[in-house]
Amino acid sequence: MRRRKVDHKRWITGCMATLILFLQTGCWSKDEIEDLSIYVGMALDLPYETVLERKMDQLGSDYRKRNHISFTLQIVDKQSEAKSGDTKDDPTSKPYLNISETGDSLFEMIREFATRLERPVIGHHLKVIVINEALSRRYSMNNLLSFMLRDNDIRLNCLVMMSSGTARKVMEAKGNSIIPSFRLNGMVDNRYRTLKIIPPVSLSKLESQMNAHASYLLQNVIAVNGEVKLSGAAVILGKTQKFIGRLSEEELLGTIWLTGEGKGGVVKSYDPKTKQVITYELKSMKSKIKSRVVGGKISFHVSIESDGRLIEEWMEGNETIDDEFIIRSEKATSKEVQRLIKLGLNKIQNRYKTDVVGFGSRLSIEHPKVWKQVKENWDETFSQVPITYDVKLNISETGSKQGH
Amino acid sequence: MSSQLNNKLTEMRERMSFHSDVCIREITLGATEIKGAIVFVNGLADRDLIDLHILKALMTLRQDCAPLTKSYVMERVLTISQLSEVPNIEETVAKVLMGATAILIDGIPEILLAGTTKNKSRNIEEPISEALVRGPRMGFNECLSDNTAMLRRHGENDSMVFMSMQVGSRAKKDLVIAYMKGIAEPELVEEVAARICKINIDNLPESGYVEQLIEDDFLSPFPQIQSTERPDRVIGAMMEGRVAILLDGTPFALIAPVTFSMLLQSPEDYYERWLAGSLLRLLRFFAAMIALLTPAMYISFISFHPGLIPTKLAISIVGSRIGVPFSSLIEALIMEVAIEILREAGLRLPKPIGPAMGIVGGLIIGEAAVQAGIVSPILVIVVAVTAISSFSIPQYSAGIALRMLRFGAMFCAAAFGLYGVVLFVLLLSAHVCRIKSFGVPYASPGAPYRLGDWKDFFVRAPIFMMRKRPEMMHQESKRRQKNE
Amino acid sequence: MTQKAQDRITTVQAAVIVSNFLLGSGILTLPRASAEVVGTPDVWFSVLLGGFVAIGAGILMAVLSKWHKGKTVFQYNQKLLGKWIGGTIGLAFVIYFFMTAAYQVRALSEVTQLFLLEGTPSWAIVMVFMWVSLYLMFGGINPIARLFELILPVTIVIYLLVMLMSLKLFEWDNLRPFLGQGILPVLDGVRSTALSFLGVEIILVITAFMSNPNHSVKAVVIGTSIPLVIYMLTVVIVIGGLSLDGVLTRTWPTLDLIRSYEYTGLIFERFESLLLVIWIMQIYSTFTITYFASALGLSQIFHFDIKTCLYGLLPIVFTLSTLPQNIDVLFALGDFLGKSAFFLFVPIPLLLLIITKWRKGANKDAAEKSGS
């Protein structure tokens, strides 16, 4: 048996120390969740002060700043709703609250909200950042996203999108059941239904592109009357990290086919014989980029393969669908794909002179030595590089209808 | 009439003058003229036995046997199994007060003592504190001889050793150390015996006293000796090389040494098929984690790390906590303390009211507290899950340990958030790694690794695979099953 | 003070102690630290080579220690080199160990303040941590080894879980080309990656406690291999997920990888809390064993009671941990510690080994001579 002697003095000191510790520490980092405003979306726009801000300015709200950016935060506003079930019926209450500031430092503006809101804002749950393309033409991504990448609250899986219209408008919704940021976040998941949505670009992906001085695409989103649409993509030039132009929806389709990153979607074409609609739903898509260096000259060849089904045709007399027709449809569809690729390639190679498809990274993998030489001026070099492609489509089935 | 007998009787009367329950009956032996007397305690001694085998035998004595000798009475007259002789009065009085009957006969200097103690013991009933779905329905009762008999009855086993001892300086009580000879490590048995010998207290009302007086670390929140009222559990432990301690007057036997993982085991794990047994055991480990940490996690996520929970959950928590006037610690404390009080009250109430009050109290308090906006509905879920999880711990004393520690975890969480919870878990693990129960590390077989013993740790391997007894016990005989 | 006879650890426990020492702050920073030096996606290859270097050094030290049964390096180097030189070298080891402890605890307070407890003063974080560690150390080497045995499997399981979950960000192209710039940058990187395997030197101390010192080589090889695999996995998955360019600018890249994904619908959805939990546990184990080693060293060199040493080091380590002004200085301190470890734990054990061998040879000769 062990000796059972209790040193009373030591005990009392120990207890006191623990007690003091708990009394002292109780409130250092404590911040109850309901005393915080959770923001889930952010919109960056060209400086345009809201009516409210202007009125506040007139009343003397002023500090030293240059009006470079208008900054909108979307806060989930459960507070009004949650008192109890009663206020839920109030048709005017929206589940979110948008609040704007104009200034030059994003972080300063965020802290400015502490003077305007009962509950300070926290960024742990930021889901999406929408940037106005005109703003991005002016300032580089490095500057615009500097705060978001440094902040320890904002997670790196937050998505970044562009808007050709006002970004603040994207953060609005018509009904009072939708939180616009969640809507955007959810729409990105629809990639298995359409080719018009590019793989989501999160802050972490964007940062690696930024550090590599690579060019890349950002999803473009347009908003009308509280409704939004993902339409086309914005092209960011690697060297400046600024917006240089937009790809239309068809041009975007072309680049998606080149990257082979599509998960599902349709290709609509017209039967050359009957001029009727043929719709192809793709089940899989693959693209292989091969780089070739012959005597210092770089060239690429892209072979694209796809497998899918014939899902819709507008034949007149309900003719039988025979092998000949299938081959015809395959041809028509692959021709359509080639048209899209040509459109897209033309835009990125000749107009914007940016490699947003990833030819550079293929070259770096297959010819690392050559890549090292051309790395610095890759976008320039890329615009001169000959690129060939072939498309192989295969209609493997005609859905649940056979023959006719 | 000899004065010898009278002297003895007077002395006895004097000694036992405060004991109103003592009966002294003077008789004349059969056809002889020899006087005698018997002394017994009313109620303690078995009347039927006295009437039939002592009084009748003595009073129908034939005349021709005189002169009456001690050996004649003992060998031919008294038809009673337990018979001894005592030289002095002092000892006689002590024995009589325990239920024996003293027989005094004129002409015989010694006092004869007949074992007539009537064991008024409870019937063998199902153990209340450790209920099983499958398994023997037998539980210990308050009578030591019944309990040892129950162990004996388990199977023909000549290696089962009962080492008898007496404890308590004023109220002497029987205590039995039971172990399997050839399995239990002799050093362990010696250690247990030595610790029990060192007990120096006037009274031991229950085996809990023994437990607290021989345990290794009195500051630890964990029980270092297992208490059980199931004979099958004791047998199981003895077959693993552990030592059991049985005390007269209590249905709770003690098992030593014990490890942390044993507290989460139930005999049923072995009776059910191995897959079910293993899964139930995993479930219990999981439940223990929940019971210990959930309120602390709630506090740390609500008050410190809103960024570490899913967005939608965060939003709904914000919605439900709007209007709650307390910080999460106070809120959780209110509910946890209320639940603990409810549980304690339910235990103390008469059986028919207990469960009803538990349900009513729980439902009404929870519902009303939410309605009144004192606590958030999410917390009610947290507290309920915690309480239910802690019910699934098969050992009552281990359950109490977890319930106490839960409050510690909550305070740590309130001071340092998740960091505090991690440090609390580290401190607790450090403690578990430091203490030993009778030389066996409390954390084994988790640490130090004894991979052989892991067959009976988080999972319970099929019985045919558990060929060896747990290694941590250093038994003399290691194998349970013979190799083919 | 000599340790009690019952303070014996098994070979597995020795291996676990080595593993737990190795897995420290490096888990979170290694991808960046090594990527900075290597500059190509072949970082994992550097880590592998670095691991082999460490195992080599570990074997050297293990062989040395097992020749001095039951004695720690602090004791036998005094025997081999004389009281003064041996004592000075022992003291250098002690200083190295408690500097490492201070470095680890400071890294802990930095990360905790950044991601868990913004606003809590660093002294509170550090102090509570040190107390909890001290409680364990008072139990001696056995509870330490046992706790480490509990921590290691938990760490490995949870770590693999969060790492494998991040595979949805993983892209092979980020790891290619293999050896695109030749082998030179890889070899260059070994200098840096080998430093992340600091910790094998603990074998110099714990061999003394092993119940079977002849297995010390086995212990050090197993003990180093586990972190080697984990580090390889970390580097491959982090760089595959964030790409080399993405890693370079992140202070705590592994944590950022976990912060780059979300699994909607799973209970946690975000898993950095799990990573932080096991990371704190690992820092705890690294801190505990370094601190214990330095206290043990002090007590053996100056013949103090080990409890006095444990208490006495507390303010020193605490003060040291508050000294680096910012995180860059902290990382510079880490580099410095690594380099000094290289000078302390490669040439000196080699020297001791040679002396031991020479003495043994001499003894044998003497024995033979006296015999004949």
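Here the chain labels run A, B and C in written order, and each chain numbers its own residues starting at 1.
Simple rule for what comes next: a contact is a pair of C-beta atoms (placed from the backbone, for glycine too) under 8 Å apart; a residue touches a chain by one contact, two chains touch by 3 or more.
Computed from a predicted model, the values in this text were never measured in an experiment.
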Practice task
With chain centres defined as mean CA positions, report which chain is farthest from chain C.
Solution key: B
Fill in the blank from the handout: With centres defined as CA means, the chain nearest the overall centre is C
Handout entry: Centre distance in Å when chain B and chain C are each reduced to the mean of their C-alpha atoms
Key = 47
Exercise for the section: Starting from the mean Cα coordinates of chain A and chain C, work out the distance between those two points in Å. Expected result: 41
Handout entry: Centroid spacing, where centroids are CA-atom means, of chain A and chain B in whole angstrom
Key = 65
Problem - Multi-chain contact sites of chain B, meaning residues that touch two or more partners - result: 304, 307-308, 311, 416-417
Fill in the blank from the handout: Residues of chain A that touch at least two other chains are 21, 25, 29, 155
Completion exercise
The positions of chain C in contact with two or more other chains are 116-117, 120, 124, 128, 270
Problem - chain B contact footprint on chain C (complex, rising order) - result: 10, 12-13, 112, 116-117, 120, 124-125, 128-129, 132, 135-136, 139, 142-151, 264, 267-270, 272-273, 276-277, 280-281, 284
Fill in the blank from the handout: Per the touch rule above, chain B residues touching chain C in the complex are 304-305, 307-311, 313, 416-420, 422-423, 426-427, 429-431, 433-434, 441, 443, 446-449
Handout entry: Residue numbers on chain B that touch chain A, as the complex places them
Key = 195, 198, 214, 216-218, 301-304, 306-308, 311, 314-324, 327-328, 411, 414-417
Exercise for the section: Within their complex, state which residues of chain A touch chain C. Expected result: 21, 24-25, 28-29, 149, 152, 155-157, 202-205, 207-212, 358, 361, 364-366, 368-369, 371-372
Practice task
Spell out the residues on chain A that touch chain B in their complex, using ranges where they run on.
Solution key: 1-2, 4, 21-22, 25-26, 29-34, 36, 38, 40, 76, 78-79, 81-83, 122, 124-125, 127, 153, 155
